[in-house]
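Each structure below appears as structure tokens.
Two complexes, one shared chain (chain A), two partners (chain B, chain C).
For the complex of A and B:
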């Protein structure tokens, strides 16, 4: 059995080596598509920030809407994480710092994706205190107060986990830290579109995750530099 | 030195009394139907305790003035019978005053807290949590949906733990962070706490009532003036206690009805 595994590994290595042209990036395909819904999603309700006059003033003209199910034209679904949940051929986790802002009593971005040990910088851009509280279960849970003008919090997550994040001072503030082992991920935009780039040929399981509607998976095989198109359709309910 | 102390004592007594008499730092305007009873009770308490305060302080000053610098070595005459009768006299005097105030005050208290609310009161459910208040109106169907603490989810603004999926009466419940009420109509609140003890304090309403986790505490009042006032938590409830506040907005009746309709349409 061990000999067979080694043989397969050698073949895989030789195969991948053969595909690499010196001086050029390795051949890679892509997966792109759109996330939509059928049915009736919950209403995006205006958030009344009356308790925090600073933030209420910022949004006086256009109130912020709830973000647990953000929809767009053509039944598009925003803030859906699409990622390679199986078939990833491994790569070093990114070391580029990612930034989370607390601005206008909102988490920006609402869905923040990062990798284990990737530096995370958390800023308070508001003229009011915040108290960021990631409700982690696999990683250590913490909560930190960040007064007006406080320096950014430099931190990281060590293990993959989907972590809901709330503010202990402003109950409506809610976001996600999605810690993924794979570097192949995307978050759907306002039009529901997503794109996973740089996928070497192979067989992948692609998972789409939406905080209220759960997950969906599809298997995709990439060969050469092709771009495969897949769509995810979530069944939405108003409650 | 004794005479200087007597003068300082007298000045402190006069100045601090003047601050109360001239209402330099006094209560905010009363906007409730029951507030006059509280204010009256407070005035009576201040008057009776104030008279005793002034008399005792001035008596102290007078004695210090008269006997403070005695150098002839003679003992000061003691209270007739010694110290014990003096202490008994003081305890009985102060005790009688406190008992009298309690007796009169309890009638005022019972008139506000022990009477049932008007049957036509506007019913509003209040949820307190670290560090905010939320207010729930029954919506067009007039019925509150049942609450399920395990369903509380701030991300979807389900602060009360409603179950709209299975509970039709919960679907039209209106949940807002500002207590909006009509003027001159009795309001009956039910106070609930999600996590720890909090308090509902509106100085202008002359109301201060604790929230206790696990209890549904009734509270009723009628606001008699329109305007916007602050609701603050007065029970230290955690790190963000300083920021735990909401507003109460008292609207003319017609404006309130319109507000309620607009909110119902958003559900």
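For the complex of A and C:
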């Protein structure tokens, strides 16, 4: 009796999981908003790439600026991860490959979000060698050279973790691999705007994370197909 | 099912689970070198006596001497190790840890631990692995395959020199291998501590051994936790020996490679393009 009722429950769970898969999406809401700052963020400083003549030439007209706090008009804050940190109703992680480029001695994008076991392809588009060194702690830390013309590195991360990534040869190169269990995430754009789509009705905790200013959370309840607006304001400090 | 029998089932179920967990745990706290089995419990007092002063009681590299030491002692809680026979991003084998402990680390405060018995060191390997859960959830990597070393020739040294240029080894190690490349001064390890690239002109032992095979492993597996990456995806296994042969000519030692190289250089030096950024003169 007990066993049978448990297996019935399993079937019901599997059935409901199948219903969530894409196709005809069920009623879903969205959360959108803007990330801004108050206070004084660090200045975006021009990066001196003189030690890498190839990259220095590429940016001769307009030097690349540091990206640890990228700001825009109206106190907008870019590269902030906004994601569902609690209340996610579960869905299969994405299997779509994500791409990271090393171009002009920069990581593009600066903040790369992906899910456990999602294929990650790392390209070196530059006419100079890079070494890609993700400083993972939960996942394995590795460090691979990628010379000029080398094929992409195909890899993945198995566990959720926020991983800083650096190139030791070019110490200004700095980026993030943010491995998230939830598929509901967004990264704020140049105007600080973000939008989380496809959220089934429910209670959610939304977390915003900025690499220097830390995290903030807000609780949001979604009913029906509404779009809720929430904003995050980080207190910026120059150091 | 009557309540009584259900309890028995539940309790025995837990018993089996606990037993299984116990067995896994015991495995994780063992080490195997040849016919010897090391036990973490036996390694603990040895660790406290010989290792904790630098590596810390908790294996977190915060022993009382650590603040005076540069480079810093290894933090065993991270389970990231420089000298491995296994690919970058994987755990080393017991033998790798045993060899590193036995050999010590040249240019650091880590001495060779030859005075300890074989079995002592095997027990210590088991204890070191108890500091990180990664040893319970993961297995050591599969050691890389190293083809037999061919004899050094002018051609192999010249090809190795090309690789040194193409792989941009000189960016850190310098055009002449003096550890003075353009990126040398800004290098940091995985704890953001400054770290120096190897200077071939010192003629000293390498960080992970003395033999050509050790040298081959260093650039193929990378020294995890340091800026030295793995070149396994970029240098074909056979070509690795060419790079080894060239690197040997950079050391002020009477190596067979250097003899071959000097004999050739005597009449061909002018043919060589300088190593370094395009258009640079060495």
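Keep in mind that, in the parts below, the second predicted complex is superposed on the first by the 215 of 239 C-alpha atoms of A that agree within 3 Å, B and C clash if a C-alpha of one lies under 4 Å from a C-alpha of the other, contacts with A are read in each partner's own complex, and residues count from 1 in each chain.
Operating definition for what follows: a residue touches a chain if its C-beta (ideal position, glycine included) is under 8 Å from a C-beta of that chain, and two chains touch if they have at least 3 such contacts.
Quick caveat, the model's predicted, so the values are computed rather than measured.
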So, after the overlay on chain A, do chain B and chain C clash or fit? They clash
I'd like to know which partner A:184 touches here: chain B for first, chain C for second, both or neither.
neither
When the two structures are overlaid on chain A, which partner does A:78 contact: first (chain B), second (chain C), both, or neither?
neither
With the two structures laid over each other on chain A, which partner does A:34 touch: chain B (first), chain C (second), both, or neither?
neither
Applying the document's definition of touch, where does A:228 land relative to chain B and chain C: first, second, both, or neither?
neither
Based on the superposed arrangement, let me know which partner A:147 touches: chain B (first), chain C (second), both, or neither?
second
First (chain B), second (chain C), both or neither touched by A:133:
second
What stretch of chain C clashes with chain B when the complexes are fitted on chain A: 24-32, 42-50, 186-194 or 204-212?
186-194
Can you list the residues of chain A that touch chain B in one structure and chain C in the other?
51-52, 128-129, 131, 145, 168-171
Considering the complex alone, what residue numbers of chain A touch chain C?
2, 51-53, 128-129, 131-133, 135, 137, 140-148, 150-151, 153, 168-171
Touching residues on chain A, where the partner in the complex is chain B:
42-43, 45-52, 66-68, 128-129, 131, 145, 164, 166, 168-172, 174, 211-212, 237-239
Note which residues of chain B are touching chain A in the complex, please.
129-133, 154-157, 159, 164-165, 171, 176-178, 238-240, 243, 245-247, 266-267
Per the contact definition, I'd like the list of chain C residues that touch chain A in the complex.
1, 78, 80, 88-90, 134, 138, 166-168, 171-172, 182-183, 186-188, 190, 222, 224-234, 277
